[in-house]
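Shared between the two complexes below is subunit A, which has subunit B as its partner in the first and subunit C in the second.
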Partner chain A sequence: MVFHLFIPIITPMIGATLAVFFNRQRIAARAIALISVLINLGYGLWLMSVVPASGPLVAQASGWLAPFGISLVADGMSALMVMLAALLMLTTIVYSFYSVDYERERHFYYPLLLLLLLGVSGAFLTGDLFNLYVWFEVLLVASFGLITLGGSRDQLEGGLKYVVLNLLGSTAFLFGCGLMYGFAGTLNMAHIAERMATLSNPGLQTALAGIFLFAFGSKAAIVPLFFWLPSSYHTPPVAVTAIFSGLMTKVGVYALYRVFGLLLQNELAVYGPWLTLLAGLTMVIGVLGAVAQMNVRRILSFHIISQIGYSIMGLGLASAAGLAAGLVFTAHVMIVKMALFFIGGAAEQINGTGDLKKMGGLARREPLLALFWFLGILSLAGIPPLSGFIGKLILLQVGVSQQAYLITAVAAGTSILTFFSMLKIWNEVFWKKSYEDVNLLPRVPLGLLAPGAALVILSVALGLLAGPLVDYNTIAGQQAFDRGAYITAVCGVDGCEAVYRAALK
Partner chain B sequence: MIILLAIAIGSLFGGATYLMLRRSVVKLILGLIMLSHGVNLLIFTMGDGVRRGAPPLVDANGQPPAGVADPLVQALILTAIVISFGFTAFVLALAYRSNQAVGSDDLDDLSTTDRL
Partner chain C sequence: MMPLLLLLSIFMLLRGHNLPGGGFIGGLLASSAIILQIVAFGPKTARRILPVNYLLLAAFGVFFGAIWGLPALFAGLPYMQAFWLPEPIPGVGKIGTPVLFDIGVYFTVIGVTTKIALLLVEEPILFPLPAMKTASAESEEGA
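Let's turn to the complex of A and B:
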């Protein structure tokens, strides 16, 4: 029983409450946000150092026995995601100091960010299906607040689409939860996994998997459920877009990994080819969608979708190695994508517009910004020695070793398209001569440059020191795919069914 | 009873789908509300476990007590109702504000954020 698993949930909860009270004192609210996130980050790092050796850590809420109460479970995948969520939130908060106006800060901007972190950390740690739904709603309601905060026309319009389609996805998730309870008679993930292995109703299991694929697919923005993303993500402030790109779709990916890796592992064999097909379509359609766009953040939004395809490809390969590769890639893309949003957003902020046609000449004016942007797009495209290279290489290796040649070829080809598409921003924003005098533009403050630069440097470091990252994720992938170890960790060696029967006697 | 509930759930889902495919924002939201009611009823139907045949409650002899319904589904539905109530309030407020900003209830007019 390890009750410290509640720390990453309680910290942002307390932080958010305090930040509401200290709302008017700008410094205090900022400090509270920073401290909460730093605690979560430290805890996440510690968890990552412990979990590979110890196996999944489990805490039972209120000390209820496992299949009856709500369990919190931290395995390799959860620990990685908790750490990344805190790290990305940290950079977002620093970036917000220099980019978000006081009106927004005053209207509970930091509490909403902390609530988002609360929902995300809870979703990563929970071991109960219905509890996962509740955490999804927590992070959704925080994201609704963040995306509409400010209330400009575009925000309201984009926000309405975002809200409605995400509510639809949540309702589908709830629908799946209900059916799962009726089918398996339990909502504890370990218990469901155990019963799924013995219950024989393949048709219903396949239908359930389809519902969950729809629900989480719409959160993760896979083709054909991605339309809400590019029509809403460019409307809020850059910091909000960035944290959404880093966390929101990835929670969907995490839930897909969890549901298909643990609960419905039998179905992965059925859905594998379809998932790979969807992954390929997501990669290609996402990157092609970016072609027509002429706005920095809208191009990047379409690339979020394209990169989700790679994460889903790891799942579609239907093996521990595939999940591990997908996790390496997801970790990489969370970092790099946010870096690109930060840097592109900084360029947008000093230009006063994100329209490529009206920008230009920043390579001369802001050489550091241009340098980090270029490193970032190299990493996203997968050029060695950056982290994108490692992420894609491992995915392609697993793809080839499992004879999934078509998806491997598509994944490799999409990299080139990604690079071309990113070069468009490079050419238009940084390289081409501006029509106006760039010397009249304000300089990029250090606070806008630093978060993006730090993430790019992290990406370089992860590329150069790929060994530990890959080793860690190999273990995380195995843990995510190992039903037996998960059940043992949650319910004990005899399994949940034994505990359940014993409690009934 | 199950048949009746199934028909009710089916009608709610059908009506919700119809409403959500209309072009009006208000009907879209009404559709969402109906959909969440349909899902709540569905959870309710899942309650007395066809598979389990008994609620997760036992008396002193380890037997399921007679005349007791499954409390878990009711807790689930209660949670879901509270969440969907909050969200409905939020969406209605958002729709009102966006209606003020856009000046139209037609979803086809909500296309500025998609325009190139």
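Let's turn to the complex of A and C:
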């Protein structure tokens, strides 16, 4: 029992309300947002340093016993995600200082960002299925606000698709929760996992797994359910698109990992081949969708979908090693994808447009920006010294060792297509001669360059010092797949059923 | 009606710990009192009678609710672990951190529901940003 596990949830909540109070004082609102995120980041780093050795950390809200109250559980996967969410939010806030206009800031921009962080951290930490639904709603409501903030025609149009399709996913999730409660009689994840092992109703379990796959798949934008993403992500300010790309779909991936790794582990064997099929389709269709686009952020949006395919592939391999590989890749792609959005967004901002045809010549004008972009796309494609190489290498290794040759080949082939598609942006935005005089364009301020550059440098560092990352994620993958340890951590050695029975007496 | 309803809402708020009621119900009652004013006399009168910034009220409610979970944290107990005064206060009942948390919920519910009603009634320019759009549309919406 660690009582301070609530800090990453309380901090953004109190920060958000304070930021509403000090909304008119711009500096105060910014400082509050920054401090809250720094606290979360520090706590996330501390969690990551502790969890691999100690196993899952658990806190019970209000001190209620585990299968009855709401548990917060931080295992390796949660700790990594909490840390990454805070890190990415930090870069977003810094980027927002230089890119978001005062009108948006005045209309509660920072409180919404903090609410998003609150929802995301809560979703990563909770150990209760219904509570997970609540945190999803919190982060969705915040994201609805962020995506339509400003109210331009494009934003409302994109926002409408985003809201409707996400609500559809949420409804399916709620159905799943209801069925799960009817089936297992509990919503505590550890307790469900324990009962799933003894209850035998394979048909219903498979149906439940299908509902959850639909619900989280639509959040994560896997193949048949991705349409909301590219039609909405290019409309809000760059900073908002960036944080969405880093966090929103990845919460869906996390939920899939959690539900299939812990609750419905038996079903993972059934669903494994289908998941790999979906993963392969997601990779290929995402990257092919990007080919047809001529807008920086639309291309990057389609690449989000393509990368999600790799994360799902890790899950589809249905083993602790697969989950670990998927986690390494997800961590890498969260960092690099956001860096690319920041850099592409900076190019878009100084050009005044994201249309590839109208841009050009930035390599000469802004060599630093071009350099970091190029490093970023090398990393995304998986060229050796960068983090993308490590992420993909491990996935492919696991794929080969489990004789999943087809998906492995697809994953490797998609990398080439990804690189090709990214080179298109490179050619059009940075390399080709501009039709207009680039010297007339405004310079990129340091504040727009720094967040993306920092993330790219982090990616390089993760690639060079891959050992700790891989070791950490190997443990995290094992923890995510280890039902027994999770149940013991939440409910004690005898398991949740014993606590439940004792309480009934 | 309004004073009566507001009194009833506070009664609901305080009896809520072990009986039907509580912050949410109380808040709904109080906001329905205000909304009745809006329906009867129009939003201007309602704003004049209760000159409150409902958005800030909602934020204050969340803040107030959240901080009363903190004492447990400082005492090394899980968040929101309850603390109670040993003796009930006559006429009010037992007072502890859950009651204070409920007061936070109460304010949040009043703030949010009344704000929504006011927005619907007054039909302000919800997104007063056409001026902003001309200034920043070119730079940001490169669709």
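The definition used in the following text is that the second predicted complex is superposed on the first by the 505 of 505 C-alpha atoms of A that agree within 3 Å, B and C clash if a C-alpha of one lies under 4 Å from a C-alpha of the other, contacts with A are read in each partner's own complex, and residues count from 1 in each chain.
As a working rule, a residue touches a chain if its C-beta (ideal position, glycine included) is under 8 Å from a C-beta of that chain, and two chains touch if they have at least 3 such contacts.
Since the structure is predicted, the reported quantities are computational estimates derived from the model, not experimental observations.
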First (subunit B), second (subunit C), both or neither touched by A:101: second
First, second, both or neither for A:17, with subunit B first and subunit C second: second
First, second, both or neither for A:235, with subunit B first and subunit C second: both
Which of subunit B and subunit C A:151 touches, first, second, both or neither: both
First (subunit B), second (subunit C), both or neither touched by A:60: second
First (subunit B), second (subunit C), both or neither touched by A:349: second
Partner chain(s) touched by A:433 [first = subunit B, second = subunit C, both, neither]: neither
Contact residues common to both interfaces of subunit A (with subunit B and with subunit C): 151-152, 154, 234-235
List of subunit A residues in touch with subunit B within their complex: 68, 130, 134, 137, 141, 144, 148, 151-154, 156-161, 163-164, 167-168, 171, 174-175, 177-179, 181-185, 187, 199, 230-232, 234-235, 292-294, 504-505
For the subunit B and subunit A complex, residues of the former touching the latter: 20, 25, 28-29, 32, 35-36, 39, 42-43, 45-47, 49-52, 56, 58, 62, 72-73, 76, 79-80, 83, 86-87, 90-91, 94-95, 97-98, 101-102, 110, 112-114, 116
Residue ranges of subunit A touching subunit C (in the complex, touch as defined): 1, 3-4, 6-7, 9-10, 13-14, 16-18, 20-21, 59-63, 101, 103, 111, 150-152, 154-155, 234-235, 237-238, 295-297, 348-349, 351-355
Residue ranges of subunit C in contact with subunit A within the complex: 55-56, 59-60, 62-63, 66-67, 69-70, 72-73, 76-82, 126-127, 129, 132-133, 135-143
